Every structure is written in C-alpha cells, then in structure tokens.
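Note that chain A is present in both complexes that follow, paired respectively with chain B and with chain C.
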Partner chain A sequence: MKNTIINKSVRMAFRDNGMMTYDGSGRTTDSAGNQLGKPFGNRYTMHDGRTCDSTGAFLVGELERLDPTLHEPLAAVTWGRDIDLREDVTIADEISSFTLSTYGSQGSLGTGNSIGNGKAWIGKSTDQMTGIGLDLAKIPHPMTPWGMELKYTILELESAARLGRPIDQQKFEGLQLKHQMDVDEMVYIGDTSLGLTGLVNNSLVSNVSNFANGASGFATWATKSPDEILTDFNNAITSVWSASGWAVMPDRILIPPTQFGYISTAKVSNAGNVSILKYVQDNNLLTTSGRGKLDIFPLKWLIGSGVGGTVGTVGTVDRMAVYTKDKKRVRYPMTILQRTPIQYDSIYHKATYFCRLGAVEAVYPETMGYFDGL
Partner chain B sequence: MKKPVTRVRTCDVAFQFRMGAGFPGDVNRTHPAAIEPVMVDVETPPTIFGQIVVVDTTSNAVRPLAASDQSNSVVLTPHGTLVRSYPSQASTGGAFGAASLGSATPPATGVADVLRAGYIMVQLNVGVTAPTKGGAVYVWCAATSGNHIQGGYETEYSAGNTTLLDPRYTYNGPPDSNGVTELSCNV
Partner chain C sequence: MTSKNKAKFKDAISKKAASEPVKEIPPEPFSKIEAIDAPDVGVEINGSTTPLAEVTPEVELKSNDDALVIVTVPKAFQLRLDAHKVVSIKVGVQKMALNIANHWYSKVNGVEIFNG
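Coming up: the complex of A and B.
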C-alpha cells in the first residue's frame, strides 16, 4: 500500500469518518509507519502468555517478541501516473459521453479537393459562396456502479482493538486497495465481463502493428541493437504523429517492466557510457524537435497484452503503448468513493462504500498507438 | 474424523494484478444473512471454516458430512455452512505458535456460527473442475482420498463418494487461483 499512488480526488481521508476505531484518538502510526495500537489506559499485561490475532489471535510465548507492525500485502497501482481524470461526472450519471466534431468544405472553384486544390476562392462579383459543413458524433460509455460492504460485529471489533490490530482500519485499507486495483485494471485494460477496454487495449485505436524484425531476425528488444531499439521508438512516435494528421506528437510511452529494465541497464554502445533509455530520452523525435521530454515508464499491464498474447503472462506477446497524457486526448471518468451512514444491525456494524467507474474515453484514438512484439 | 493439515495457501501477500477471492467461512454479503449459533459436536467437530455441516441428532450439535451421509440418489439438505468470525483466539499452532495464512482451525468445542441463508466463501477440494455460476454443489462424503478431502467441496458427481446438496445451495461463480469461491445458500 506504501507504493500505491492514489489520486487526490479519490483519496478518502480517515478523519471524520466516524467509523474507525481510532477516530479522534490522535496519532495511529509512528514516524516509521508502525501501528501504535489502541491505548488501554493503564499498563496491560498478557496474563496467559497469549496475544490477541489465520484465526487472527495467535499463541505467543513468554520469551517471544511479536512485532506489532502490520505487514500489509504488496501491491502497486499506477493509474494516477498515466491518465487524467474526467471529474465532471456524478454518481447520478449512468453514461459518460462526449461529442466529436468534424468539418467539411467544398472548394469553390470546382477544380477538385486534392492537395493543392479546393481553396475557397471567390471573384469580385461572386454571390454563390461555399459554406462550411459540420458533423458531430456522440461517443457514450457506461458508468457502472461499484460497491463493497464493510462489516464487522462489535465483538470482532473489540477483539481486534484488544489485539492492537484494528479490524475496521485493516478492512478499510483492504477495501481501498481493492478499489484502487479495480480502478487500475479499468484504466489499463477495462473489464472482460462488461466488454470495456482501457488505455492499452482500447477498441477505438486502430494504429496497431508489430515491430519490425531486427538484424537477428527477431523483433524482441533483447535481440536487437541499440540503434534498432531507437528506430522502434521513433517509428512508433512517427506512426502516431502521422495518424493524428501530424498535429499531436505523443509524449508518453509505456513499455513492460522487463524491457524497461533492459534498456535502463544496457549501454548504447561499447564506446558509450549511457544506457539505451538515456540515449532514447535524448534522441527521440519529441525531444529533438524541441517539444519537451518524452516520458517512458514501465507498466505491468503491458506484459502479454499484445495481439495473440495473454495479459500478465511473461513470454507471450508484449506491447508498447504510445499516447499523449492530456485530458483532451484520453481520460478516465469516475466518481469519488463515498459511503452510506453506518447501519447498526444487531451486533453488526455495516457501511457500504460505493462509486461509479466509467470506461477510458479515447477522445482522439488517432493520438494513440500500440506496437507489439518488443 | 482426521483433521486435514493446511492443504493450500489461501492467500498470497503480493498482488500483481488482483487480490484473491477471500477466506473460507467469511460471510461475503449480509443483506440479509441468517447466521445461527449452534453447538459443535465434540465427537466430530467441523475441520475447516466454510464447511457444510449437518445436525447430529444425538447431540443436537453440528458435524461435517461423513461416509454415512453419502448417497448416490438422495439430495442432502444440510443445516448450514460454518462461519469464520475474525479475529478469534487460536487454540493450536505450529512450532512456537506459528500460524500460516489460511490455516485457521475452527473451534472443536463450544459455540460456533452457522450460515443458514446467505453468501459465504468456501474452499474447493484441490483439483476439482471449476464451478460455474449457479452450478450444483457436491460434498465428498467418503473417506479422504488424495486431494478429495472428506467434507470438502466438489463440483462433479462421483458414485459412492459424493452427495449432492439441496438445489438451493449453488456455487456463485468460478474460484480464484487458490480454489476459494462463493457459495449461495438458501437465498
């Protein structure tokens, strides 16, 4: 959870939650992040040599020092790094949509509409002016409700507090992690059951191709020379730049972690002292044309996400995703995580956390491209 | 009944793409869930949380299914499914009280909770065919044989070994990689 990147707009603060064991009790962790536990008031002795937790309350020996630190599962999400949020959507909205405009104009002279022709020339006495045509498309995506229940009995709560390992806080952090990991999956690959796609497999993106083979006869970077890898980068950028009408040069490239590791460590040549990654960052089209820095990041969702590959399976077909991180080009609609008031039902305390998660809106899919087989 | 040792590691602690489905015996939805307190049959106590239990008519306490419950033709209506409260005091442990993930052992005596109606996480026997949503529930009643643990969940009929549960008990979808899935009971 320490590695979790949580967008500010969806971060739930513990404070004023009213449901946490530690609400209003001041510090819950020390400077090293260790759980301080719930204070019992006076000194507390474990009379029976047991401390309170697979059942969650363990047997502990008299000469045993049980580290009270909570060691949570390891998980990392990166969606906050790679996409902007569309924040105007609300919990009431069932569909998020946008329009896409296109224009048309017939050349006034009737000499054709090819390159070099078709301008809107008029004579000094012309009264038959050509007009501008307009067409709009509307692209909708579902905003699917997401919800999970947080529940425990008063007895479980008190037992957990006695142990210094609060079940409410742990379950809440588990729920937050589940929410974050679900958002991460929605942003990058969408949802199989709902038929939704994400940033690295978007169904609207048509610029999908395989990298060319290198001199070795293979396309994988481990078999290519640094020059060939740089060519792959620049060809990918050029391809997307071209598809966007030479209007938008992509500024972000995501590659699988293994390939990122390879180009980070392999030197550009035996005579050089910089990595392939550094060389690419200095000599890519975006940078050399004076348009800023090209962001290159590793992404786990690209493992096996190429055509014919299996997502998450190393050794299948990996993918490079090229796009522009700009809310005007691609974005993700979602609402903030909120909850119901606590419901007291017998000895149970329950609250349901809910939000709506949309699907990645590729407003301009022309500014995105996928290149497989690296 | 011989208690099974930890058969599977029900949860990992490094989530690459998604976390596991949960832990056997966790009531996964509570709107509403009918959870009833029962006595544990001291002669043959349940061996794992999330296990199907029936009432022993002699002690009026619950026990897991055994060979005597096996039938190739009669559908069995169980009393419920053993619920895991969390946390609760461990009564046994490995060397120096070691306890691995997913190794919780239900209480062998006293009061336990049983889900009479609702949704609960359960552990499939290792190697069974993955259940589908709405799939029939079988329990291995014969003596433990290889991966087929007595009292454990199965998805297919096996003559002389399994018993089919009341059709109000159904699987609610495929399991995670640890064989943990959701069971819909009397809903």
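Coming up: the complex of A and C.
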C-alpha cells in the first residue's frame, strides 16, 4: 500500500503552526518566564506582539483541563503586623503632626541639681518658689496624595465576560496589591525621592550601633554561639531601655528572614532539643523581668538595611530593629483607599483610586534602636 | 708592588686555595669561655644611682593595634567593641586607635585613615 503523500507546507502547518500539538518547538514563555500561551498567528498579532496573549484568550485543547483559578503574583506585606495606624487623619490633611513636650524643673534655692539633690523644698517663709519649665515642639510630616487610575474598554470588558475571566476584578486586585506594597515600603523604609524614612531606617533614631564580635572574631550569628546570640538580644534591649531613661523596655524585635530561620532551626546545644529562638524567647530581659513576651519576627526589609549595606541585597550589612509596638511610641498616618465614581469616556470606563500616605511618626525615637552586622 | 704583580699574587693565592682541602677547626670547649658579669641593679651607671627598675621609659611601648592614627569621620556613630563596650565616635578629623579605625563598622561609616 502506498503511503499518503502530504504536501510539505500542509505538514508543517499541522505540526507547528495551525493545530494544537504537543511537539511544538514554539516559544511558550518569554525571557521573564511569563506564559505566552498559544499564538493566534500573524494576522492577530498587535504592534507589541503580545496583546492577544495578554488579554487572557487561550486556545484550549480537547484533552486539556484549564484551571480557572486566578493565580496572582506572589507578594507579601507585613506592615499591618508591625505598626499601629494613626486614624485621625483625613484626605483633606496635607500635614500630620504631633507635639512633644519637654519639662524642666530646678530644685529650690541652694539644693543643687545632682542626683540625690534638687527637690523642691521650701521653708516656712520662702518667698522664692521654683516652678516647671515647659517646651512644646511640633513635629510635622507630609501627607502625600497617592492615586492610581483603573480603566478598561467596553471591548475588553465584553471579551473578559465571554471568557469568564473578569478583567475589571483582576485589575482592581492588582491595584490593591500595588497599594499594599507601596504602604509596606513607606512604613518600613520610607521614600527616597520624598526624603522620608521608615520604621527600620528612621532618621530620628540615634541609637544605632553594630553587634560585638563573638569568640570567632565575627559578628554574624552563623558564627556565634547561642549564648552570644542571647547576649546580642539582651544588649539590644538594654541599650534601648537605657536610652529611654529606663522608662520603656522594647517588646518587639525584627530581624532578617535568614537569621530568623537560623535561630529557629539551630539547637541551643547538641544535648538540648530547644531552638535558639525558643531559648532567647524564654531568657530575654523582657520576659525574665516579668514584663511579657518578646515578639521576634522576620522582616525582608532588614536585609542589607544596615549602615553600608544595600537594601534587599543578601550578603551586605543586615540590621536588627528594636522598638515598642505602641501607637503612643511609633505609628503610621494614612487614610483609607477611596475611589471616584466610574467615568464613561468614549469606549473607556475609568475610576481613580486615591488616598493620602504619611510618614512613620517616631513620637519617641529613643524607644527605638538599630543594630547592624548580624 | 705594581698592579701587575698584585694580579699575579692574587691568582697564585686563589689557585693554592682551590687545590688545598678545607681544614676543620674544632670548637673551643665551654670551660675556656669566660663569663661576663652583668651589672647589678642599683649599680652606678653614668653617674646615676637610681635603680634600673624604677626608671620610667620615655616612650611607652604599645602594640601596633593601639597606635594612634589620624582619621576623618564624616558622621558621628556608635561602635560596639568586642567586649560589648560602646564607644561614641564624633564627627571630624581626629586621632583614633588603629584597631578602631580598621573596624568594619568604622569603615562602613566612612572612617578614613589619613595617609599624608
């Protein structure tokens, strides 16, 4: 029996271009790893060559099961865990500010001012009474408007409705994620172009130093013993406690994820079954003095945020941030996300989402401390 | 002796030295070496009777790490030393111990040793 002879161009079309086959050598992902799907062909390709794919229209084979779940980009924000919000600000406010009072009081005449002296004693016939001096400082921070427009054409909406993949919902979720990521960055490191700092690099915090070297001659925790790591924790707590005039003992410590993973995994000793993290949580200064539990959390923004480091770059100078999570000590002013009514403009539906984002208010910067080199 | 004769004499000596075997000289026994007594502390030296132990050295000897160097500090910072002691470094040109100037945290804070 003779073999059927098929024209070469037809065979090529069957194999690579026209039909859904599984031996195609065509590009299915771009250089960034995005799934391109099956191309429609040159007639449908837009000027950028990707528009058809980006609308979410794909050819699906008869024996292909497409999961309709929407898989969004991986992203994590933690700002809601680490700071309290200042909620009294409104969209009308351009500045958020607060006052900081300083008191001064000298002792009565002749009592001196050293420790053990300086009380406001008076005599039976005193005619010179001491008083209180008060200084009120106002500390302002800008409330910068933030906004993004959400728009799609009627054609896009109709196509998305036919596909069962709502483009408006996806774009809105993308916008919300962008808003959350921007707030996350503002809370932790501020904004370079606006000259604002955040929770882990605040310019008002002066208690910044390095960790002491361990017996190995290095400061990094991977080279330190559990006792040396515990000493680092307690030194950090003591340093901040001391800077606040022994008034506020910090209750929260943030460390980079790698170091958190190390102390969570490594055991105190070969004989013990307790991780360094558990050991530190049980034996730190805050807990042993009966003031509660020390919160230790991992934070990605601390990677490379030490002096001389590059934020986000592993292997540079990492930082530990020590503070008290209390609205009276440190907080973040922002307004809720609002939107304009939908505008119908030609074939476009538009809505603008907006809010105001402030800067981290370190009301008492002496209750915060940064320690580099772990 | 003329220069010509000198050259001949040198040649003759060198040929003789090359032909003769090297003689080994046996070491002198210890009993023949005379011990030299060191002066006792308190003995008059150059007219002074001050005991040597009490003389204060004019130059204090230090290890190299403790040597002071001139540095430029662009901004004030706190440095925690190995013994957990915190040192406050002020801004400006100043003298600083070499081990502090060479500390990694000093370097990332921009401390530069003056090499003028």
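We adopt the following convention: the second predicted complex is superposed on the first by the 318 of 374 C-alpha atoms of A that agree within 3 Å, B and C clash if a C-alpha of one lies under 4 Å from a C-alpha of the other, contacts with A are read in each partner's own complex, and residues count from 1 in each chain.
In the analysis below, contacts are C-beta pairs under 8 Å (C-beta built on N, C-alpha and C of every residue); 3 or more make two chains touch, one makes a residue touch a chain.
Please read these numbers as outputs of a predicted model, since none were measured by experiment.
Student: Chain B versus chain C on the shared chain A, clash or fit?
Tutor: Superposition result for chain B and chain C: fit.
Student: Considering only the touch criterion stated at the top, classify A:Ile95 as touching first (chain B), second (chain C), both, or neither.
Tutor: neither
Student: Now for A:Thr231: first (chain B), second (chain C), both, or neither, which partner does it touch?
Tutor: second
Student: Quick check on the superposed pair: does A:Val208 touch chain B, chain C, both, or neither? Answer first, second, both or neither.
Tutor: In the superposed model, A:Val208 contacts chain C only, not chain B.
Student: Would you check which partner chain A:Leu194 touches, where first means chain B only, second means chain C only, and both and neither mean what they say?
Tutor: A:Leu194 contacts neither chain B nor chain C.
Student: Report for A:Thr153: first if it touches chain B alone, second if chain C alone, otherwise both or neither.
Tutor: first
Student: Once the shared chain is lined up, is A:Ile122 touching chain B (first), chain C (second), both, or neither of them?
Tutor: Neither partner.
Student: Between chain B (first) and chain C (second), which, if any, makes contact with A:Gly312: first, second, both or neither?
Tutor: first
Student: Is A:Glu185 touching anything from chain B or chain C once the two structures are fitted on A? First, second, both or neither.
Tutor: After superposition on chain A, A:Glu185 lies in contact with chain B alone.
Student: On the superposed three-chain arrangement, identify whether chain B or chain C touches more chain A residues.
Tutor: Ranking chain B and chain C by residues of chain A touched puts B first.
Student: After the superposition, pull out the minimum Cα separation from chain B to chain C in whole angstrom, please.
Tutor: Superposed on chain A, the two chains' closest C-alpha atoms are separated by 24 Å.
Student: Across the complex, what residues on chain A touch chain C?
Tutor: 207-213, 219, 231, 235, 239, 306-309, 317, 372-373
Student: Under the stated contact criterion, what part of chain C meets chain A in this complex?
Tutor: 77-84, 86, 104-105, 107-109
Student: Flag every residue of chain B that touches chain A in the complex, lowest number first.
Tutor: Interface residues on the chain B side: 12-19, 29-31, 85-90, 92-93, 96-97, 99-105.
Student: Give every residue of chain A touching chain B within the complex, in rising order.
Tutor: 50, 52-61, 64, 71, 73-75, 149, 151, 153, 155-156, 159-160, 163, 165, 167, 174, 177-178, 181, 185, 300-301, 311-312, 345, 348, 350
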